[in-house]
Structures are given as C-alpha cells and as structure tokens.
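A, B, C, D, E and F label the chains in the order they appear, each numbered from 1.
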Amino acid sequence: MLGNQLRQGLEPLAKQVRISDRVDISDAKPNEEIVICELGNYEAVMELTRDVDAIVHFGGAALETDFETILESNIRGSYHIYEGARKNKVPRVVYASSVHAIGYYELESIIDADSPVRPDSLYGVSKTFVESLSRLYWDKFGIESLCLRIFSSFPEPKDRRMLWSWLSFRDCIQYVTCGLTTPRLGHTVAFGISDNQLKPVDNRKAGHVGFQALDNTEAFRQRIESETPTPDPNAAGTKFLGGWFCELGHPDQEEKSWKDIMMWQ
Amino acid sequence: MLGNQLRQGLEPLAKQVRISDRVDISDAKPNEEIVICELGNYEAVMELTRDVDAIVHFGGAALETDFETILESNIRGSYHIYEGARKNKVPRVVYASSVHAIGYYELESIIDADSPVRPDSLYGVSKTFVESLSRLYWDKFGIESLCLRIFSSFPEPKDRRMLWSWLSFRDCIQYVTCGLTTPRLGHTVAFGISDNQLKPVDNRKAGHVGFQALDNTEAFRQRIESETPTPDPNAAGTKFLGGWFCELGHPDQEEKSWKDIMMWQ
Amino acid sequence: MLGNQLRQGLEPLAKQVRISDRVDISDAKPNEEIVICELGNYEAVMELTRDVDAIVHFGGAALETDFETILESNIRGSYHIYEGARKNKVPRVVYASSVHAIGYYELESIIDADSPVRPDSLYGVSKTFVESLSRLYWDKFGIESLCLRIFSSFPEPKDRRMLWSWLSFRDCIQYVTCGLTTPRLGHTVAFGISDNQLKPVDNRKAGHVGFQALDNTEAFRQRIESETPTPDPNAAGTKFLGGWFCELGHPDQEEKSWKDIMMWQ
Amino acid sequence: MLGNQLRQGLEPLAKQVRISDRVDISDAKPNEEIVICELGNYEAVMELTRDVDAIVHFGGAALETDFETILESNIRGSYHIYEGARKNKVPRVVYASSVHAIGYYELESIIDADSPVRPDSLYGVSKTFVESLSRLYWDKFGIESLCLRIFSSFPEPKDRRMLWSWLSFRDCIQYVTCGLTTPRLGHTVAFGISDNQLKPVDNRKAGHVGFQALDNTEAFRQRIESETPTPDPNAAGTKFLGGWFCELGHPDQEEKSWKDIMMWQ
Amino acid sequence: MLGNQLRQGLEPLAKQVRISDRVDISDAKPNEEIVICELGNYEAVMELTRDVDAIVHFGGAALETDFETILESNIRGSYHIYEGARKNKVPRVVYASSVHAIGYYELESIIDADSPVRPDSLYGVSKTFVESLSRLYWDKFGIESLCLRIFSSFPEPKDRRMLWSWLSFRDCIQYVTCGLTTPRLGHTVAFGISDNQLKPVDNRKAGHVGFQALDNTEAFRQRIESETPTPDPNAAGTKFLGGWFCELGHPDQEEKSWKDIMMWQ
Amino acid sequence: MLGNQLRQGLEPLAKQVRISDRVDISDAKPNEEIVICELGNYEAVMELTRDVDAIVHFGGAALETDFETILESNIRGSYHIYEGARKNKVPRVVYASSVHAIGYYELESIIDADSPVRPDSLYGVSKTFVESLSRLYWDKFGIESLCLRIFSSFPEPKDRRMLWSWLSFRDCIQYVTCGLTTPRLGHTVAFGISDNQLKPVDNRKAGHVGFQALDNTEAFRQRIESETPTPDPNAAGTKFLGGWFCELGHPDQEEKSWKDIMMWQ
C-alpha cells in the first residue's frame, strides 16, 4: 500500500520511474517501468539499478520473520542494492529503515539519531545492518544515503501507539522527496514521524534534510481513545518505541503466536 | 486560584473528583468530593488517597517561607502523598514542582530537564526533595510521576519576567491532563511554560508527555513594557530563572522584607 | 543595503539614532545623526560611541579580502568599538558576526552555538576574533553582546544555498531588536537565519533572545530551482555551511579569481 | 568506626578539633573538644558550629530507616548544620553524601557527577536533599561544600560488591582533607571510591578537589571471590550501584526483614 | 595465534574448555575438548554451545574478504552462536569485535563507545551486525555480551600504527577474563588496546569491566620508528582508526591488490 | 628561559635548528642557525620559514600588554608565521597557546578542548585568534597544528596556583616533541599541564598527541603552602583558571598597576 503511494507521490520527481516488485504490476503508467526482481538475485539487481539517478529502497521483509528470510531479503538483498549503486554509479539512496532499529528505547529516553542502536527484532537488526552498510558506502565510495526510520506508515493511525508513531503517507512521500532533492545529504539517519503531539524522539540531526511534516493524528484521537482500553505503561508494547515488536519472542518460538498479532496489525 | 482552575479543567477526565483543601469549599459540585485535610496528617492522607486512579498534588506552601512550614507542608506532606500512592496502589501522580528547583541558572544557560538542580530558596529545595522522592517511588515501587516545574501560573502575566515565564491556566490544565493521560510517563521532569517568544529552557526531554502550548504572552507585551521600567540585566531578579526569589535572603533574616515583595506578587 | 534596512527597522527603538559610515549619507532624517568615521580611527570611534544606550556594530569589511584590510577594519576597528563601549559605559552591543565563523562545518553536522569555531576565510577569522573579544568584555567589563552569525541577508534568496541560508531583512531587523531589548543577554552567539524548511543548525542556545522568524524561502523555491542546476553534494560550496567561501583560496592567490565570484554574489 | 578514623586522620589539619556525638567520647585528646549534641536541636547546633573554620558533617542516620528518623536526623539535622555555617560564617563544609543518592543506576551506566539523582532508599533521598540544600547555600550564601558520595567505607572490603565500591579509611580521610584544603571548592559532588580495578563511575568533574587514591582492593580479591558465590548479574544488589539497598522494600514493610540484612552488613 | 594464546590464558577459568576450530587441533590437553565445526552449520553450533557456562566467540573471517564469506562466516555464523546461547541458556558471551567497526573515525575524534558505528570494510560491517544482534539478545533474551573491539592483537607491534593500536596477547586475555568474570556486564562495547602512550579513544564507558592494561609499546618504539618512514598524516591508513583497511577498495575490485597488503600484514 | 629549554630539548629531533629571536643569541651551536627577526616583518618571516620541516611558534608578547603590541606581535606576527607555513609548504606547526585563552572558566567547570573560549585578557584574545587562524589553515590549506595551551611553564612552581597549573620544562619539551612527531595531528587543542594532583581540566581530546606527563608538583607543595597564605576561594585569581590575569583591568587603566603584579610574577 505504501508502495503504491510512493509510486504516485514520487512521480513528479522523474521523467521515468523504474519500479521493482516480486510480482507483476498490472496498472503501469507510460512513465513507469516495471521490473520483476528478487533482491537476492545479484545479477537482477545489477540490472535493476543500471542507468538510474537515485534509488528508493523500500524492499525486503517488512515485519519480523525467520532468520533465513531476513538474511536473504534484507541483508543480502540490501547489499545487492548498494553494490548496484556502487557499480552503476548511482549517487544517492533513500532507504526505508525502521523504528525497530531503536525499538528497545523507552519513550521517555527521547533519543536522537546518534544514540546507539537497540533493535527489537531480527527485522530490526537487519535495519541496523543496512544503516551500517550504507555508512560504509558513504565513507568509502561516496554514495549518499537517507536512512529513514519509519515509525508507522499506514493510511491512518490504527491504535493508541500510532497516535504518536504515525507517519502519514503524504509525510512519508515528502520525506523521501526531501531525501532525493536536498542539496547535501551525506549519510543521514532520520526519524519518520508526522507532527503528532507526543514527540518521542529528537529529530534535530536531520534538519538538513528539510522535511516539515504536514499531518498529525489529532483528528483520530477521540475515536481511537474511545475504542481502545487505557494501556498499561509498563507493558513492553507501551513502554518501548518499538511497541508490540518488543513483546514478540524469537520467531522460532512456538508458544507465542506473534504472527497472529501481525495479521491484526 | 490555580486550584479552582484545575477543578474546572480536570472535570472532564473523571467521573468523580476528590478535592482536598485545608478549609472547606462551599461550592462543591455533585461530582466533587471535598476533603478537609492537612498534608502533615499521615492517617488523613492515607484516607484521602484511597480508591483513586491518579493524584494531582499541588498542595503545600506555594512561596518561600520558614523552614518549619516547608518541612511540614512540603516535605513531610509530600512524603505522605507518595506513601498514600504506594499503599493505595495509585499508579500515577502529577506534582506541581517549580522553576524554583532550578532558579539559580542564568537565562542564557538554556538548561534541560537533566541539568543538576539549583534551587533558589528553601521552597525550591523542597521541590527538589519531592522530585528526588518521586524518582525513588518510580524506581522502587513503579509509581509514575510528572514533576511539572511551573514557571509562573497566573491569570495573566504581571511583569516583564512573566512575559517569558508565564504558564496560562489553560496551558497548565492541559499539561496536567497530558500527564494524567499519556500512555507512558515513567518519571518525567518538565518545564511548565506557555509558548512565549523568549524560550529560556529546552523542554525536549518531555516530548513524550505530548503537551503543546496554546497560549503566549504577546497580547500583554506592549502594556507591560510601557508600564514597567527597563530591567537591569545583572539584577538577580532578571539574571536568573528564579527571578525575585534569587533576591531573597534567608527567611529568618529581618533586614529584608521579602514578605512584602511576595504580597505584591 | 542591509544598512539602510536597519536604519528604518530600528528607528522605532530610539528617539535619536547615530549612524556611522565611511561616506556621507544624504537623506538623514531629523532623528538621525550621521557620523563619517573610519573604525580604524581610535579617537573618532571614542566620539562615535559617546552618550549612546547601545551599539549595533555592522561595520568593517563584509567579504573575504586581503589581510591588511581585515586587520584594520575588522580587528582593530572592532576593538575600537568595544573600547568605546567600555570607556563610554555603553552596556550592550549587537554585532554582525557571520556564518563564515563556522563555515567549514558540513551541513549534516547540525552544530550549535557552543561548537568550536571553524572559519572559512580570513574574514571568518576576524569574526571569531570579535566573538572572543566580546566574551572578554562581558567576563571582565560586564558589557553584554549578541554575536549574530548572519547567514545570508539579502533582499531575497538568490541561489540554491540561500534557500536554506537566507535571513530576510525583516527577520534580521527583528533579531537585532530582540538583542537590544531582551531583558538579559549576557554573551550570546546566535545563528541568523529565517524559518526556512532546511534547518542546518541548532539555535536552541539563543532561546533567551526571544527571536521568532517571520519569513522563509518557500515562495522562491520553484523559480530558483528551475533556474539553477542541481548542485554537486561534494562541492565545497554545497558541502559546507560557508558555501562558496570554502571554495576560495587565499586572497593573495592569483590563480583563482575569487573577486569575480564575489561580484556576482 | 569511620568517625574514629576521621578523628585521627584530620588531626594534623587543625590546632583544635571539635567533635560532636550523641553520646560521650571518653578518650578525648587535649586538642579535641567533645560536644554531646543532637543534630535535631537547633540551638545546640548553633553552638556547635560557632567559631570554627570548617565543618565535616558525617552525622545522622547511616542506613535506611523509618521516615521520622530520616526527617529528624538527616533532613532537619543537616539544615541545622548549614544554618550554623551561615550564621556563624563558616565558609566550607565537607558532607558525607552517599552512593545511595544515585543507587538506582546500573553499573554499566558509568554516570558522572551531573547525572540526575536516582536515590535507592529514603536514606538516599535525604542525601539528595542535603546536596540540593548545600547548592542553595553556595548559590545564595557563598558557603562551599564537598558532597562526597561515599560508596563503601569500611576497614576492608567485605563482599564482592565492595571489590569495586570500597573506599579505604585512608582514602576517605585524604578526600576529606582535599575538600578542606583545595584552594577553590565551590559546590562539588564527588564519588568516594578507592583506585579499584572496576571503575563504575566517571569522577572527572571532581578533578579540582585534587584527590588521588592510594588504595585498591586487589589484595582482598582472591579471598573474597573464593568465599562468596558468583553473583547473579540481574539481581538488584548486583545490577545497581546501590547494591543491596536496591533490594530493600519500604522500611514500613513487614514482609521483608531488611534490618536483618543490614545487621549482617 | 591469538587463538592459542586464549587457550592457554583462559585455562585457569574453567575445569573444562571446549575449543572449536574448522580443522583439528592435535595438541589438546586433558581439560580441553576439541570440536571441529563450521559456524555456518546450525545444528553443529547448537551442539557446540550446549552445557557451557560462557562463550568466547573469536570465530569467523578475520580480515576483509568477499561478501559471501562474510555473510556465511561472520553474519550467519554469529547468529548461530547467539542462537546457541539462547537455546542452551548460556548467560554470557565475549565477542571479538574490531576497531574496523569504527575504522572511519579520524584519530583526533577521540570517540567513545556510544559514538555511531563507522565500519571501514565489509568485515567491519559484519562486526557492527554482531554488536547490534548481541544488543537484541540482551534486551530481549537477557544474554550479556562484551563486544571487545580489538585494535591490533599480535605478538608484538609491527608498524607505526601498532605503536598506538597494539593489544598485547596478555592484555587481550585479561580483557576476555574480565568480561567473563565481572559481576555485571550487561551489553558492553569496549576498546581493546594496551596502555600505549597515544590514546586514540575514550574507554571510560567500559569501566565496569574492570580491565587494567599491563603492557604498552614503548619498548618497541625506537626500533619501529627507525625502520619505517615517517607516515603521511593525510593518508587514509594514517588518518583513520581503521588504518590500512581504509585504503582498501571493495573486495571485488581487481585494480587494487588488497590481498597482497594483507599478506604483508 | 623556556626558549633556551626548548633549544636544548628539541635538539635531538632535527639535524639543523633555526632559531629566531628579536636580539642576537651569542652561544649558538653548530647545528643551530640564529635568525634575528621581528614577527611583524612579513618578508623576514617568509625567509625564516623557508626550507624547514616544521615550525615551533612560541614568539610574540608573553603577557598582557597594550593592544598595539598584541596586534603587531601576536596577531599580525602569527599570521605571518602561518603564511610562511603555507607559502613554504611547511606541513606542521606547534603553537604556544595559553590557559589565558580559557582563563575565565571557574576551576570547578572541568572544561575540555571543545569548550568555547573565554579569554581573560587581550593577550588571551590573541591566543584565541591564532587558534582560530590555525583551524582555517588546517581546513583550507591542510597545515596541521598543535595549539598547546600552556598553563604555567617555569623552572619550578612559584605559588599555590602553580601547584596545579605548573608545566615543567621537561613536560613542555615532551609535549612539543609529541606534537612534532605524532603520526596524525590534524588541528588539535591541548592543555599543557604536568601530572599534578589537582586536575582542573579534561585533556582526553588530545589523547592522539601521545603526551604522558613525567612531572608533578608534590615535591614543592609543603614549602609553598607554608610560605603563602590560604587563598580566598572567591578571589578572581583563585576562582578562575586564568589566575591573576582575571584580576587585571584593561591595560590602559591607570588605577591598577598590573605591571607591578607581572613583575613579581
């Protein structure tokens, strides 16, 4: 869903947009080039990243899952993306990192982009891997990256946590646009969150990206608060930035049906 | 006066509000329960705090005064409140701390909530005592607290200092409301100040409380500046966050009639 | 041009304004006193600064130039200004420092006012000299100063860098006004920049000055971006806060016609 | 025991030493003046502190106990000491604060003297009260203080925790001596700990006190480690700076016989 | 070589030591159990980590190499180690991280353990992966880790860089021993470096590990400085913490024979 | 006197040493080249700095004096030195900066090398000028500098302040040697102070210079303390790092005979 939003939102930025997915997209527009591609396929990604001016990398597993999937899709796949950028001389990448790279901080920590990572899942670890890899590709090969730690990007906030963690699609697109167009990006880690009242992080260090949020969650507050019970402040899902990811056990554990939780999510 | 404002402002939050004062309140509404109580009375406070969901503690001496009053009302009294919370299993307290807990910082210091305390009076010391006590009750007993360092909460700003230190009643009520309703509070120290132009402190570390000021002092600026002389930047009352409290001597000192100053205030 | 703007903008603050320039000003108003004066002339500056309530020091060379000019106009001249303040008991100075005092920081550094200086030119070094000198005059002689590091103060933004570095004349005047009227200034270093989307510095430590920007560059963005090529993020003029000053060699170097660049500017 | 050590250790510093205790001391030397005094007695403390050049305040309850004792001995008593200093113009106080003022930090936090307090007991809260009170007496009345946060001052280390928390008597005396004789003390918070291998805090901010530890615990390591079981890293008594104080409940709680633990200690 | 040193050095700590290598070890002592094992083999690592009290993980590729090797040996292999710890309830791991996790910092940066990672190679990225993974295993599963960023552990310093980066075998063993025996480790990142004169990092945040270096490089200085040319301060190999790793290109690049450099090393 | 010490101490570093002074030196050794030179003479300094491998710049006025002398000797003179380095391609400069660049910090501030400058005199301002100038010459022209903030370099400590501020000649020479020989210097600010017990600053950020003090003042303590009165902690000369420089008025002030003080010094 976010992918479709990006397709529309980023359209004004380029004459031609190449879109990669694992399955075909039937409704391609004339200025869209559709490429069916597994990120784990090295040669395919080299092709995919040829002759482009910038890469928006939102691919890979989007939730906690087994390590093999994480390793193939998110770790090896992202390495391929950065190798594609290096070999094809693509100067800039916008990468969908995640709040789950720093999910184990308590809300009251109010961290900034330089705080050490505290992933809340194997998924989160893979996000920190790419943040680290992209730092190498900046320091050694001069490829700029925006690692946008998306909090919760959904059509609208769906629970009490999203009242503070929501990033509207419009704001997400704007953030990516800023990452693609700001004159100097270097290697930047930014928190992707709309202008909600509760501000759980300090985003100053991304000031040079030029993002200014347009949305917030106040229009949704009353309904959500009336429909959901008061949260327990000490439950891991309330206490930590990563929310319910912090309540998950290891993906191999059978006793906790975390996949059910994700389905609801 | 602030007390009455809180009565009205917090009414929507609860079905029943129990209000404590040292003297009777004649105009109690049906959903208000009035309790006459000295905070220094242990048993009375245990009763007062029974069967409530949260405590808003604005009691005790509100200005500099002799040590015995401070000790009884603010130190022993606040201990009773926290004991009431612990024994009666009240999970959250909003406490009216004060700028006078950090009154001896110069305006240009731009401190944040982690800066070491620098009280400007015995009153201010008692505020730091409760901030420390509430930290213990969080770390050891799991009781959450908002220590709201109120700067100047009056119906309107009354002098040049309040042009930057004012916290409107509406903003004060909103801050308390945020403290009571934010999903995760932990132990938080926040600066209570409206959205005035001059910003003498850095309030980032309370971002998770979700407070957004609605008021500022610009409507009062012209009148106040025309009615009052230009301040001396090196006078203690101008130089320090605590204002005229920093010009007070010890309450036992006879040579300085600090009580007169307070009366004007 | 900025000088004329200041003449108009600061007029409401004083009954009488004394204006100094190296050449005569023909259109003086009744409440303006024009003084022709070289800042390098000690006696003249002592006269110039007599019987005033505050000094706004925007004089001296305004661009990179040979060391002798810098030494005379900016270093010796500014010393004379501060000596005038000391001898004539002028309690407060607003000084036009510059982004070029910290020009060699990369945009993504997001520095604050306490970050060590990194000048990008002899001109920038002279700005850091005055910031240091004014600190001495505060610590030893009690003269307050606002060192306003002006980024780019022009009638309107002229290139892509100014989309983030612009300080509108209106905001510049307001900043100087705040510096002159805030109750407590001490010795303050502030970044002079309008409320542009891209925020390359952290200005929190000047919160007590009370400045709130009124302008930003969004109205100019489309035109400027359409008229100018995409910048190279690694070019010194894009990479560093100081912009094209970082691309200049030494003023003595013949091989680089930096004066041509400045003329265009 | 520490008291007797201080009597001997500080003897070289003064011609006459006035020693206060709650009971008589039978073995007074000629240069020792013994005063029987309750710190809760205002008049007695005013007498006690008359005509002295400095105060070493190690009095009051030394372990967790009921609030009334804390309030009388440590809070009111210390207030009397500082009032004595103010009224009798005693310029400097060395105060025995405690690790229990910051007992709830985890060992791996490596805090410094500016980290916010996190007391682990009512006793610890009283220590933070005096640290705050002494800051007021410095800022307002110019009385210098060393708040020495003693970790574990015993004849020798007695358990595994003391292998890192021990402050030998010799080092304790030296610290107090430095506090009394360093040319400029201001208001200083320092960590009182010998030069043990494990360094759980950062003591840089007390560098101007001039203390250099002479002792460490290596000579005791083998015996203690062989006599005691391997600790559980997650037990509160291992995890936190405050050790077993963090395992205590409230002094009023009957279900936990914390007094037994202390007796063993 | 370091492996053999560890075998001897850690012997006193355990009754039985299980040693894993990819090839057989012929000289096993009675208290040594040799296991031939590829870290990429999940089942084998589950066996390897069964019934042990702690894990010392120095396995995997030890130099920059192709991504597939890094992925298998260092990323998947280390994941297996941590899974072994989780499944077999091993409470503590000492991991050989590396200076190459932060190799792109300039020497004059003087970073500490909380500075964001800046790997200098794919190898370095894999080290940051394990640091992040082990943080997850601490926050979610309670397994403690020491991530020891070894600088240069060789029998003796071999070049000018090692005059500051050397970690003697004796100090390396001592560091691992401290990691295994300190009462509380949590998740700790430490810099592994002997007590050399030049101190390029700030190791304060590992104070609770209790390591005190015994060696330094002064005995080797004269010989090394006489045998090697003065380095160029701006060469990547001199400028950055990572040394010659920062001069390597990508392992796939043919034009630079980085393997030759390593062989010399 | 320090100059002669440097002549001897630095002799082992070079085959030929060129020594500049304003008057002739009669006892030149064969490997010493004596140049009589005013630093204010541009052409002479260009000659002076030709064909050297490094510059040790200890020239200029060494105490507070009138602005014209400061301007000529310290500001213009140092500019000439750096121009000489640039034009003659000298890659490294060790500059004798001074505690007086940060003299107005209180001892208890425990600043580090990144703390903003707070000069205590025109002399101190000139030191901050050269620190800023040398930063420019590093960022723009690649010339490395050690700005060594010498505290008190005398044959032996002469008063109570020097018990903490003393830098022995031996340690001074060693510091300069480290600056000249460390592999990577960049632009470094360091505090020049021996290993005295009282440590008023945090010198971590110069760790890469490799300096380790050999001396301290303990051998002198007893005599100095017995010969001098106990200092007043609030006297500017005791309170601030800069000592008696902070008690000086402006050099033009007649009412204070600061030159007499210096003579005693």
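Going forward, contacts are C-beta pairs under 8 Å (C-beta built on N, C-alpha and C of every residue); 3 or more make two chains touch, one makes a residue touch a chain.
Only a predicted model underlies this, so the values are computations on that prediction, with no experimental measurement involved.
On C-alpha atoms only, rotate chain D onto chain F and read off the angle in steps of 5 degrees.
120
Match interface B-D to one of A-E, E-F or D-F, accepting only the pair for which over half of the contact pairs are the same residue numbers.
Repeat interface, by the over-half criterion: A-E.
Approximately how many whole Å separate the CA-defined centres of chain C and chain F?
About 31 Å, centre to centre.
As a quick test, compute the distance in whole Å between the mean CA positions of chain A and chain F.
Averaging C-alpha atoms per chain gives centres 52 Å apart.
Touching at least two other chains at once: which residues of chain E meet that condition?
Within chain E, no residue contacts more than one other chain.
If I apply the definition of touch given earlier, which pairs of chains qualify?
The complete list of chain pairs in contact reads A-B, A-C, A-E, B-C, B-D, C-F, D-E, D-F, E-F.
Help me check something: in the complex, which residues belonging to chain A touch chain E?
Of all residues in chain A, those touching chain E are 67, 71, 75-76, 79, 86, 104, 114-122, 124-125, 128-129, 132-133, 135-136, 139-141, 189, 246, 249-250.
Over in the complex, which chain B residues touch chain A? Could you list them?
91-92, 142, 144, 182-188, 204-205, 207-212
Would you mind writing out the residues of chain D in touch with chain E in their complex?
Checking each residue of chain D against chain E gives 106-108, 110, 160-161, 164, 197-202, 231, 233-234, 238-239.
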